[in-house]
Amino acid sequence: MIPAAQLDYWVLSPLFVVAGFAVLGLILEAALGRRYRFVVQTIATAIGLVAALVVSVLVYGDLRTPEEAGHVARGAVEAEGAVTVDGPGVITWIMLLVFALLSLGLFAERRFEAGMSPFTGRAADIPGSDEESQAVQHRLEHTEVFPLMLFALSGMMLFATANDLITMFVALEVLSLPLYVLCALSRRRRLISQEAAMKYFLLGAFSSVFFLYGAALAYGYSGSLNLTIIDEAVSARADSGGLLLVAMAMIAVGLLFKIGAVPFHAWTPDVYQGAPTPVTGFMAAATKAAAFIALMRVFFVAFGGASWDWRPTFWVVAVITMVFGSVVAIAQTDVKRMLAYSSIAHAGFLLVGFSAAYVGIANEAVLTSVSSVLFYLVVYGVATIGAFAVVSVVRDSAGETTHLAKWTGLGQRSPWLAGTFALFMLSFAGIPLTAGFIGKWGVFAAAWAGGTWPLVVIGVLASALAAYFYVRVIVLMFFTEPVGDGPTVAAPGVLTTVVIALAAIVTVVLGVLPGPLLDIVQHAGAFVR
Amino acid sequence: MLELSWLLIAIPLAGAALLLVWGKGADRFGHLIATAASAAAFVLGLIMFVELIGRGADDRSVTTSLGTWFEAGRFHVEFAFTFDQLSSLFVLLITGVGTLIHVYSIGYMAHDARRRRFFAYLNLFVAAMLTLVLAADYLVLFLGWEGVGLASFLLIGFWQHKETAAAAANKAFIMNRVGDLGMVIALMTMFATFGTTSIAAVNGAIDSASGSTATALGLLLLVGACGKSAQVPLQAWLLDAMEGPTPVSALIHAATMVTAGVYLVVRSAGIYDASEIARTVVVIVGLVTLLVGAWIGCAKDDIKKVLAGSTMSQIGYMMLAAGLGPAGYAFAIFHLLTHGFFKANMFLGAGSVMHAMDDDVDMRHYGALRRAMPITFVTFGLGYLAIIGFPGMSGFFSKDKIIEAALGYNTWIGLAAMIGAGVTAFYMTRLMMMTFFGEKRWRDEVHPHESPSVMTIPLIVLAAASVLGGALYLGGWITDWLEPIAGHAEHPHLPVPVIVVQLGVMAVVALGVAAGVWLYRRDVPDRAAADADVSIVTRAGRHEIYTNEVNGALVVLPVRYLTRLLVWLDARGIDGTVTGTADRIGEASQQLRRTQTGYVRSYALGIFGGALLVVLGLLAVTLA
Amino acid sequence: MTEYITLSFLLFTIGAVGVLVRRNAIVVFMCVELMLNATNLAFVSFARQHGNLDGQTAAFFVMVVAAAEVVIGLAIIVSIYRTRRSTSVDEANLLKA
Amino acid sequence: MMLTVLAVTPIIGALLVACWPGASGNPRLVKVLALAVSLITLVLAIVVAAQFDAAEGGYQFVEQREWIPAIGAHYALGLNGIGLTLVMLTTILSPIVILAAWGDRLPNPARTHTYFAWMLALEGLAIGVFAATDVFLFYLLFEATLVPLYFLIGAHGGVGRSYAAVKFLIYNLVGGLLMLASIVGLYALTTRAGESSFLHSELIGLDISAGTEKLLFLGFFIAFAVKAPMWPLHTWLPDAAASSTPSTAVLMVSIVDKIGTFAMIRWCLEIFPGASQWASPVVMVLAVISILYGALLAIGQDDIRRLIAFTSVSHFGFIVLGIFAFTTLSTSGATLYMFNHGLSTAVLFLVTGMLIARRGSASISEFGGVQKIAPVLAGILLIGGLSSLSLPGLAPFISEFMVLAGTFTVSIPLAVIAAFGIILAAVYILLMYKRTMTGPLRPGLDGIRELDGREFTALAPAVVLIIALGFVPGPLLSVINPSVEPVIAQVGAEDPVPPHPVDAASEGAHE
């Protein structure tokens, strides 16, 4: 006779809301006629996201500080130990929801494709076949993308707060599977879209197995999948624990794959380029965030006791990732690919903040590894979505023109668009007075405080390297005369405009007045175990 | 009244500023303003001088400060001027001769479109030169020092459209900079040692410092003096400087600026008294220059260059005297003044000749000009008698005194100086013969004529001065006058009685004159013999004893090649490293992107390998 | 006991190698499934070792997830097959560098 | 509040100029607007200077409020004499530069308004940099100045502008980022010491272990050495100068580069005195190398703008030498030098720029005899040149002498070697003048006009200042000295006492 699980539904409600609206989306899909689906789905999704957002904020307000915690911390382990609803977790929820809302704007943009969504009309059609053209004629649209997005989102939210390896694995799959599908749904360039989906799927499955095997080994070592209990086992260990080490390594592989760290990065450029741009934006921002928090949660909570065993390895990974990403990005000729490599480089910078494992000073709100990474994820995510939004606007007759050569002279043609893109680039490069600078500053500060100043020095040099290719784009857009007719910029629809504008505003405001947000992430405190 | 010394400077400075700022509007009367300014300064100077004579010997030095120039930390410079026995003489020389030359230039530059600017520069020069001699602080002196340098640069290069003129101007300025380097280091040494650069203070406190400091200061200042006064080894610029309009040569490169070096040495009497070594070096420099200058003077056919060589040589005399210490300071100044008169006179005379000869400077095209231009001939002749030291003429006293003092110091040096006198007599005679005597050698289209009175009157005045300048020595006035500054000079005890020395000098001079007359009594060819068939001595003289070549080989070329080398290094080496690094990174990028093959399986391999590495890494960290 | 772990490890490795060497997308995918099952084996045997049921439950979760994965995976592979008339993973490399 | 207003005025002006309706269509309007803004700023600056109490020294017009409490960053402004000097330089040069820029032929005339907007923005940021007393704020503005300059060079420059712009940016970014690392380190230190803070006043008191101090110092110093620029980190300057408009070049060399030397005093010397002492021998040697190296390379240039750029390398050598000699005389001299060099370089860049614009070439060998047809232009070029070779009577002489004399009391050899720079200076300036201005007029130059009214008006103030300050530097020095003395004290150096001091009384007395 198994007792019914004790659940505090209130604190878990954001998860339920998102998942619930996802299911609702499916029902609508079945119930509604085609003419209304798109609009209704959009609105429903929006409502769901906003609702979840509101709830999350309220939940965050209700988090209370656990008694024993020596460090600033808030929240508690919920759902029979399966989920931890704590400061960083809930903030990640909010962050993800915001990203989702922004991306929704791009998902629902119908301006560019003659009043149709950026997704293929009928995924089943063979590219270039007459079925496809018929689909276009009948103005078919896959409105399932919205529920899919919501499912992925729910997976991410769970991923970030799972306190138990198997829950984490499930969450990992729940977030991945919808994304695999979404990647395949590009309206233009179907071939590379499908290819991207396949690569993402195969590699994703492959790496998640590593994660799972790691989980199995961890279970073998500690006799439990619960992070808290694993932590006890790890802290209490006497031997060097070869099994534990392998477990950590395997789990790390699964998570590093998701955040796109070298040498597990290879999928990133291909998938980012192949996937429909709105999806790319969503993936780049949200997946990285969720995966990074999960990574930190596992390694701080479960393996915190062994941090001196794993830190050096992560230092190396961080350095390789920063340098590789920055260097390879220099040679890229496709905007989306360049942004992909840049996201790799950023994973490196995030790892710098993470691998210092700086937990701060007892009961004082300072920039810890967690808080700095949280801040970084926000500014990076917003700028990324904004950047991809701009990419989706720069088009010619054949859809988006992502080849850099086509971007020459964009500055003359449409200074505002180019200006905002330049702003995002500067933010990525970490130029002061943009949010990116404070972000970098935060992770470096945490790293130095964590006692790894050589990482900081390498980091700043790497970001100089990175600056080079961001600057190159600006040179193309502003200093180079357009070759031939240059890019034709489609007048962005309301939604996209709003998204770009919001992203730009956030980037500037967080660059000039980062105080409030920094304050929040600092008081979010450490992970609750 | 004596507190007005700043006004002496202000007047010509205002003149210069006015002419430059006013612009074309002042073209018609600019020269008059300038001349008036110079004259006004002279009058003021004269009044002040008279007042100074009126005072007692002990308070004949009046220092007035316009306030602090600049200060920081321990450093403090007063913008102060001293009007005393020494500077007053210079004031009169500068403004007096200066004014005459202004007047002369009115005629000489009458047809030059840029006459206004010429006069502006002249005024600027007068102001700067006055600053130099009135300065109470070495730094202020340096201000004037560079000011005259600038004026000289502007005036040598006045005819800028001539490459040669511009080049000569640059050469003069840059060679002077070498001297200035010495000055600057001297200034720094003063500050480091005494915490001040006030002339009086430094010379007063010099005894408290070590002898080596005094020597260092003496030598460094001498470097500066060599640059300004065209003393060996920094003499090379003076002959090129003759590219400037003749009045400039007369004023700057004969009468005043080039003698600044001598002034500096005398002004720094305290320092030189404290260092035997420094004085000796001064003597040697003076002596060498004296002979070299004379040597060059003998070999040149260009009338102005002959005079330039002679100037070098005469300044050599002054330096020599100055190097003798208290025994010679006064005579140095004495000769400086008389030389100022007769050399200016002769330069202006030469200018008048050139004026008549359509600016031809080659004496071989002259001849028999005494009839064509009597006034010029007579005045020039008087100057000639003065410089060779014809008894009774100013040069006779001043040079004679120096030679006596030199003999008293060291017989050989004295003798060398005597020989110099002989050579001087020779080349000046040569000049006279070639220019004014013999048969006419000029082409028929030239019609020599006497210059207008605006040019001849200054000649006459200067000629008179050249004749009467010796009066300064009446009753040893000048030595007594300068005693507070130069210190007391006890009479040199010579190996032979003074009269013998004087007769000796006269004999040598007579010899020189005779040689000159004899060699050039008959017509000279109107084209100089080629270098090949003249003696090595002549050839060396013509080439200014090859100093330009030496400088070129030792300084100019090395610097040029060093520069080229560095330019190359900067592009290849330093910037090369930078751009090279960038290129390397670019290549690395191209290489690395190849790892992105597009094959899923290779990606999977990456993940698999990465997993292994991470495992190994963790194991290594722990088990190591 | 350790034999089971060894076996699961071997299976896992075989699966991994299979992913690396096989060209056919389906086969590659099957290899992934093999790895998943290897993991299940590990879970179960560890559960036995520790004498608690967590591992066993985990295994069930894994199976479910695997099933879901199959659905998605096959869908993608099929659609690719339809466009390219081939399931060779090596022929899909438009995206590179 | 005063300083905020002063710094924000030009930035608001920049926004105005950029967004003024129809600005792109009406360059005339833009130009007038920009000039007006810069003049207003100048007036404000003069007001500030008038209220500044020179004798009191220390920081005045202090503003301070919490900005990013989370990391202890403050919005803190304040001016001491040194800062004021450079703010004045900035505000004086800006109108000159803008007026001179009226005639610039831009690659894309349609974007004239952005050109002037960026200039004004740069002015505002520069003022902020000189006034910032919080190192975090300072760093932000310090790096932010790169952006306007980057666009000024890259978007409005001449041949090879985008290469030069990128080179400039990356070069400076690398330096800046190293400084960032050091600032992060400071943050870690202050946090560990209790309250995290970046305030100048707080950092001065901070006790740092010698090793760390050296590390942090290097981070700062390299950034400033790139900016200054010092040998061997100078190679971005010639390219940038050669492919930007004259006005941009002035803003870059006369103002932005001064941030480097200014910051050496404010941040290196004052916050890391120990490390500064430790580094000074090396730095001084590097400075002397810069002096001679820059001069020699200047001699070897054919492009006038590159020539001037290299002369600046040489002059910055003098400034750094003066700063790291740690004597009141030399450091005051260095500060004064910053001001004077700003003026003389401005004159040189602008007047040669006008010359180049007339000929359409910057190559010295393409000129000759210009003096004949454009005497005023030649005259101003000569004055600029003479001030650059520091002729007594012109402003730079005083500062150069102060630097040398101060250094001499610390290290005779270095001072003497550095002094050779004055000969080389004469060579590079006079050769340039001779080749361009004298001799027979080169064919193809007959079209060259004399300076017109606007150009003359732009140049005249600088020329007048150069001459005036050559005789009466008093006002500036009276502001600078009181602010320099505490710096020297902070470094723990004191001026060497002359072995045989002469007390003022005996001065003027005769032996």
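A, B, C and D are the chain letters, set down in written order, and residue numbers restart from 1 in every chain.
Definition applied: a residue touches a chain if its C-beta (ideal position, glycine included) is under 8 Å from a C-beta of that chain, and two chains touch if they have at least 3 such contacts.
In UniProt terms, the chains line up like this: C = NADH-quinone oxidoreductase subunit K.
Quick caveat: nothing in here was measured; it's all calculated off a predicted structure.
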Middle chain, criterion being Cα centroid separation: D
Interface ranked first by C-beta contact pairs: B-D
Whole-Å gap separating chain A and chain B, where each centre is the average of the chain's CA atoms: 79
Inter-centroid spacing, chain D versus chain A (mean Cα positions, whole Å): 44
Centre distance in Å when chain A and chain C are each reduced to the mean of their C-alpha atoms: 25
Chain centre separation (chain B, chain D; CA means) in Å: 36
Touching two or more other chains - residue numbers and ranges from chain B: 593, 596, 598, 600, 604
Per-residue overlap in chain A, given as positions that touch at least 2 other chains: 198-199, 202, 206, 269-270
Two or more partner chains touched - positions in chain D: none
Chain pairs that touch, as defined at the top of this document: A-B, A-C, A-D, B-C, B-D
Residues of chain C defined as touching chain B within the complex: 16, 19-21, 23, 28, 89-90, 92-97
Residue numbers on chain D that touch chain A, as the complex places them: 66-71, 108, 139-144, 146-147, 150-151, 154-155, 161-162, 165-166, 169-170, 173-174, 177-178, 180-181, 184-185, 187-188, 191-192, 196, 215
Touching residues (chain side chain C, partner chain A) in the complex: 5, 8, 12, 15-16, 19, 25, 28-29, 32, 35-36, 38-39, 42-43, 46-47, 49-50, 52, 54-55, 57-58, 61-62, 65, 68-69, 72-73, 75-77, 79-80, 82-83, 89, 92-96
Interfacial residue positions of chain B with respect to chain D in the complex: 61, 63, 67-76, 78-80, 136, 139, 142-143, 145-147, 150, 157, 160-163, 165-167, 169-170, 173-174, 177-178, 180-181, 184-185, 187-189, 191-196, 198, 200-205, 208-209, 270, 484, 559, 562-564, 566-567, 570, 574-575, 578
In the complex, chain D residues that touch chain B: 167, 171, 232, 234-235, 293, 296-297, 299-301, 327-329, 332-333, 369, 371-372, 386, 391-393, 398, 401-402, 404-406, 408-409, 412, 415-416, 419-420, 422-423, 426-427, 430-431, 434, 437-441, 471, 473-474, 477, 480-481, 484-485, 495-502, 504, 506-511
